[in-house]
Amino acid sequence: MNYSGLLRAGRQALESQPFSKLLNAKLRVFSPGEVVLEVPITEELMQQHGFVHGGVISYAADNSLTFVGASVLGAKVLTSEYKINYLRPAIGDKLIARSQVVSAGKRQAVCRCDIFVLADQEEKLCATAQGTIVTFVTDDD
Amino acid sequence: MNYSGLLRAGRQALESQPFSKLLNAKLRVFSPGEVVLEVPITEELMQQHGFVHGGVISYAADNSLTFVGASVLGAKVLTSEYKINYLRPAIGDKLIARSQVVSAGKRQAVCRCDIFVLADQEEKLCATAQGTIVTFVTDDD
Amino acid sequence: MNYSGLLRAGRQALESQPFSKLLNAKLRVFSPGEVVLEVPITEELMQQHGFVHGGVISYAADNSLTFVGASVLGAKVLTSEYKINYLRPAIGDKLIARSQVVSAGKRQAVCRCDIFVLADQEEKLCATAQGTIVTFVTDDD
Amino acid sequence: MNYSGLLRAGRQALESQPFSKLLNAKLRVFSPGEVVLEVPITEELMQQHGFVHGGVISYAADNSLTFVGASVLGAKVLTSEYKINYLRPAIGDKLIARSQVVSAGKRQAVCRCDIFVLADQEEKLCATAQGTIVTFVTDDD
């Protein structure tokens, strides 16, 4: 599959996730070993202090990690585990979750994700995550 | 504050989080060192394979951990970091995130959270998390 | 294998690890889903402030987790990943790393470990860990 | 302090850790935000399959992270928590743990560490870690 075909397939996968649609997440980059996922920040994604809720940041990290794993392992993957460190409160226009593959085999990939918040046209790192994406088999296989 | 007062305060805090309202999360237990947070499972919380999206499970873990930290450290806390292992796909009626404090000082608490899915009136463990909740100071302090 | 046979097999495995011998680690409990590993505290396991070095605590967590994974998955396992929170400085006579299996399938187990330090005949929790143990195949298989 | 002074101070700190001396660890780089720590691989650092024991790799990650935290926060720091993913068995001549600061405030730094094994004059990534280093106060302060 060429790059635009890959990105289109990734966007279809994202579109088929109701929760990603609820959050209006967008896939900006989907190429082998690299993913950029964005979430526009709206009022309903906040916690009580006016910052983006940690759960939204976690969603962005988790999903960006899953997609970057899929970019090298294929579509049938899921996140097995990850850890995230929150670095600063996220206030701004959108979250940008940039993921990379650190190491990949046939059945799993260890990946990292840096989550930025865009505010006043400047990106600030607000969280960083590391996790394991694994393949799974279905009854169809 | 007595127990019912504490629970009421916890519920007000949860109600003041727009993202928790979007997900319709409920606080069932909020006592010193113990929290139970529930998220009813609806169609819009799914990923593409018909399971609850990992981002929702992460939200439940993150928020349950933050609240259990608050139950011993006070209201001005945030989650500094956590890790989560997904154990099985979540299919069912609701998520139940049960958290406990493992160790607490004045400024931080290390806590654990087990996330169950309720299906056919049976709870199954679907994820487990461990993280650090820390106090923060505001300009009012 | 009966319990004493299992414990004996576990101790042989531990004895066959040169690094565990260097640290004089002992297996106290090795039963399906539960492991207790001890490390006597000596001067050479310290860091510069007179506490047990974090690397020793990590070793105890890592190895206790690996063994508890092996107790349900079989001998051919390794630790895929874990996270650890240090809770207090470890000063005392020995480290006691108690592990349990949280969830196990055929190919992996998610496990937890609480690491205590024994001082003045009292155990204090000094770290807690959570990780994934996986099976591996060798050329002999 | 200039660079050579800083490296000398770092090496003195490492020398004052009995466990680091036991493992013969060496500090190759110690500059603000960047640390390289090495551990020569010897027979006694192995596990039973002929690979470097995970506990040694964890030590290298933990200590490299602590030192890189100290490089920006000052000498009175400790590792609060970290997670590590093992990527491949470590076989070779030495471990090289390269750490960087991802984000630092006054009281804590979130850092990453890539651990390589040098074999046949080639470095291979064998583990990757992410953690939090925090300052502490002593009675002298």
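Every chain is named by a letter (A, B, C and D) in the order it is written, and numbering of its residues begins at 1.
Here, contacts are C-beta pairs under 8 Å (C-beta built on N, C-alpha and C of every residue); 3 or more make two chains touch, one makes a residue touch a chain.
Bear in mind the structure is a predicted one, so any value in this text is a computation, not a measurement.
For the pairs B-D and A-D, the count of C-beta pairs in contact is higher at A-D. Taking the mean of C-alpha positions as each chain's centre, the chain lying farthest from the centre of subunit C is A.
Distance between subunit B and subunit D, defined via averaged C-alpha coordinates, is recorded as 33 Å. Mean C-alpha positions place subunit C and subunit D at a centre distance of 21 Å. Annotation: 29 Å between the Cα-based centres of subunit A and subunit D. Of all residues in subunit B, those that touch two or more other chains are 80-81, 83, 85, 110, 132.
By the touch rule above, subunit C contacts subunit B in their complex via residues 83, 85, 87-88, 102-103, 110, 112, 125, 128, 130, 132.
On the subunit A side of its complex with subunit B, the touching residues are 13, 16-23, 43-48, 53-56, 58-60, 62-63, 66, 78-86. On the side of subunit B, the complex with subunit D involves touching residues 80-81, 83, 110, 132.
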